[in-house]
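When the chains are written out, they are named A, B, C and D in that same order, and each has its own residue count from 1.
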Amino acid sequence: PALLAAFQARIDAGEKIEPKEWMPEGYRKTLIRQIGQHAHSEIVGQLPEGNWITRAPTLERKAILLAKVQDEAGHGLYLYCAAETLGVSRDELTEALLSGKMKYSSIFNYPTLTWADMGAVGWLVDGAAIMNQVPLQRTSFGPYARAMVRICKEESFHQRQGYDIMMKMARGTPEQKAMAQDALNRFWYPSLMMFGPSDKDSVHSAQSMAWKIKMNTNDELRQKFVDQTVPQAEYLGLTIPDPAVKWNEEKGGYDFSEPDWTEFFEVIKGNGPCNAERIEARQKAWEDGAWFRDGLMAHAAKQRTAQVAAE
Amino acid sequence: MSVALDLDVALFEGLCRLGDSTLVLGHRVSEWCGHAPVLEEDIALANVALDLIGQTQMWLGLAGEVEGKGRDADALAFRRDVWDFRNLLLVERPNGDFGQTLMRQFLFDAWHQPMLKALEGSGDPRIAAIAAKAGREVAYHLERSADLVIRLGDGTAESHTRMQSALDRLWPYTGEMMMADDTDRALAEAGIMPAPDSIRPQWEALVTEVLSEATLKTPDQGFMHKGGKQGTHSEHLGHMLATMQWLQRAYPDATW
Amino acid sequence: MSVALDLDVALFEGLCRLGDSTLVLGHRVSEWCGHAPVLEEDIALANVALDLIGQTQMWLGLAGEVEGKGRDADALAFRRDVWDFRNLLLVERPNGDFGQTLMRQFLFDAWHQPMLKALEGSGDPRIAAIAAKAGREVAYHLERSADLVIRLGDGTAESHTRMQSALDRLWPYTGEMMMADDTDRALAEAGIMPAPDSIRPQWEALVTEVLSEATLKTPDQGFMHKGGKQGTHSEHLGHMLATMQWLQRAYPDATW
Amino acid sequence: PALLAAFQARIDAGEKIEPKEWMPEGYRKTLIRQIGQHAHSEIVGQLPEGNWITRAPTLERKAILLAKVQDEAGHGLYLYCAAETLGVSRDELTEALLSGKMKYSSIFNYPTLTWADMGAVGWLVDGAAIMNQVPLQRTSFGPYARAMVRICKEESFHQRQGYDIMMKMARGTPEQKAMAQDALNRFWYPSLMMFGPSDKDSVHSAQSMAWKIKMNTNDELRQKFVDQTVPQAEYLGLTIPDPAVKWNEEKGGYDFSEPDWTEFFEVIKGNGPCNAERIEARQKAWEDGAWFRDGLMAHAAKQRTAQVAAE
């Protein structure tokens, strides 16, 4: 308990906790779950955008999208490394993802159906992700905070690229405009869900906030996201698919409707439009790649043996 | 005058051969996105695809300029049908397993790298400049693909078998890189592009060395497929273009 | 007047749901061409695809007439993008192994056959006529797919496992066939098409009987996907259309 | 030898040989090879046309092509049945195809690259096939002759459909016309090769002709094909890719250049553009389908056992 108090005091003083230092088991476990889930989201998040790389409409757009998906894989790598400092290997985390024991962000269980979705994903999904992640640059665990700094920089670049695609679509031909509006319609509520259900009564959340693993409530972040996004949609000439959206002078933010939390829990349970396909794609990649990973390991072992023999 | 004109036609062809090959290979590599056997490979493949698409923009951009009919790189990439494509047959081979993808990459990189080196000495400064830029990227591609071929060839029994089988399948598509036709000869005589068979010694030296270190057997089959450089492709290219060109074809008036 | 107009809109939608489902399933089945496990299946699959494409011509032909904007069946099939397609999600599922293809066919046929039977009693004589013709073909489809599901379900351990796994995968896509929306209700009230849930008893009876004879376990999962009938599809449809519509999109001025 | 003489006398008299009747071993073997190869050609022949079914430009064209490929599978079935009457099972023949011991027509090792190829295959390839097959309706082996009667009827229908596609293309947009000419350029010589090299010196051929397994020389049939096809090309406004094609009043037929027989033998050896893919596609279909065939057999065995138990 003295250790615990000292730990909490360091956190309260704004110090960073580093991997080799003492930490409560709950802190470690919560971080592993949170960082692992974030890493998995980056990995699975390659798939909905990867779905359009081969159909990108120009060479420039193809290159931008490739670079973006490459960044996501890179984010996954930073985050798995951050998790490894807590004593869990990348392979263990991967097995947990593939067996369904660990989750990834539900947003990636929605399909990308038109090119405008590449805009909507960048604008809304990355936008919501940044909203979640910017405060995490100040999180108490050092490796996680540092990974977040790099990630946020790239994500905000992605968000601008997504908005740029939306702009082109919204100001393009009538079909393009229709695609843009349709993409907004489909991604609006799932984006709001990305902040999670209201957490005012959750003890779990309170502990995470005390530990500075979680920096804001879900509702605060959601409100911030809506306040940022509504004027952007107006600028694009697109309509938020929620008639309740209205500026509320009193609270200094927009009113808006809650997403359908039944759908949210269905998707978490595995009943989103693409859950089965996303996890199958990752399982297949992992299984098909076994011979490749084994081959590299066998070669490395041979090299070591040869080196030992030579010494 | 008529000679200059013919040379421009040959130059357009030659540039399409380079740009279509990087485009088609870049597309194939990008098909892996999110499906690679390890995360590092997801990153590496995206990186290779990205480089190849960037090179496509330069080669086809220049091709459009040389042609002078107002077609830019996108018009060439997204609005031509199969018979106008000039890529090597090797690069349109389907991905197969990861071993086939890697072996295809290595066999191509081992040609691409010395080819770009030679193109740096082109009498056309625009070509020399593109080749210099692309060459730096491709040196890394070759380093990676050669290294992986060696490690997998000399890995487990299964990885060895897979790499050997990939090599045997792809081998008959390598000859086309070093085969010359009138276009190649015209460009070589004009000092604009190297003669294809001038690349062979370096290609062979590199391939022999890497395959030997990988404990793989160079196929002794002598037959070589050809036709890609002249626009006669396999059935695979049409399917690729249906995917690649879909949006441009469906919405010809849109800008993106 | 406004009611009549709305009914035409609903009728157009309803006809697209039928025609798009036969089109998309016909396309999927035709992907097997030349790759089936026995010659008899190559023949049977081509036959089923052929029937489904023929039915598409009738349903979408009538849809175009009802719409009255000069679009014929080909315009509807080859010039609409994904959001305008109204097919069931079930039929756009990828082929998977032959077991998945068969199971998808059976689950669809078991709905298609009673649906067409009911459509024979449509107040719209054009619909009744198409349904009568299609019904004869589909009776045969159902006979074949049910028979094969039974034989493979109750075959070897492997064939049983494959069929059960196919069933488990596809089951969440069956609910959409029997789910009603406003369009369905308007058409049912007008006596033009049956209410979707009126088909359920026959579908369930048939499916239960066949699965039981096949020694397969009906999944107890209650969750059902939806959206296809309203134009929100899976990622698979876009890829299919890129292939299917390629020529029409690439050469919009040509006739074939 | 008396048997042999009697056998030859029956053939000379135009009688049909039926499966249960005595026949020389060479006659049986030659027939098995010829019918088997023909059956395999129908099966492999599904692939180049199957390549365009999913991309057919109209519903009508898609239906026609499907029906055609279905007919080809049907022809394969008749022919395997005819071969079975000679004591070789369909599975044995299939294994021989997949292991490379038996051949199929080399023409199917050429790719189909544009929609016009669906026209060229029907017009030229089916045209050449019919030229080969019509005389075989009078072949001495009963089941083969009867299979040929059915097949020829359907093939000539296919040929008309192919010509119809060519007509639409040749009279269509400039791109369509270019596709039509390109298809003719690519399929002309391979079609001429379908009759095989000149057989004037082949003893093998002489024996087959005596047995009425082969009814005409390769050169006769090739000449007949050229004489039929050149005016059709003219009618389409397309150019035969052989400047030597010219009417020869004296012989009452067209002069034309020989195809490149080196290429022919390369393709036979396995070095055609698509040999590897064609045979791999068939091997994959066969291997992937093993569980299906096993499942059906197991079910049939269970049914038999149940029936026996019930009796």
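Please note the rule applied: a residue touches a chain if its C-beta (ideal position, glycine included) is under 8 Å from a C-beta of that chain, and two chains touch if they have at least 3 such contacts.
Not measured: the values here are computed from a predicted model.
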What's the farthest chain from chain B if centres are computed as the mean of the Cα atoms?
C
State, to the nearest whole Å, the distance from the C-alpha centre of chain A to the C-alpha centre of chain D.
57
Whole-Å distance, C-alpha centre of chain C to that of chain D, is 35
With chain centres taken as the means of their Cα atoms, state the distance from chain B to chain C in Å.
42
Considering chain D alone, which of its residues make contact with at least two other chains?
55, 175
Residues of chain C engaged with two or more neighbouring chains
81, 242-243, 246
Chain contact graph, described as a line, ring, star, complete graph or other shape
other
If you look only at chain D, which of its residues touch chain B in the complex?
48, 51, 55, 111-114, 175, 178, 182, 186, 266, 269, 271, 273-274, 276-277
Residue numbers of chain C touching chain D in their complex, please.
23, 27, 30-31, 33-43, 46-47, 49-50, 53-54, 56-57, 60, 73-74, 77-78, 97-99, 150-152, 154-156, 158-160, 162, 243-244, 246-248, 251, 253-256
Could you pull out which chain B residues touch chain D in their complex?
81-83, 169, 172, 223, 225, 227, 232-235, 238, 242
In their shared complex, chain C is touched by residues of chain D numbered 43, 46-47, 50, 53-63, 66-67, 69-70, 73-74, 76-77, 80, 90, 115, 165, 168, 172-173, 175-176, 281, 284-286, 288-300, 302
Counting only contacts in the complex, chain B reaches chain C at residues 81, 239, 242-243, 245-246, 249-250, 252
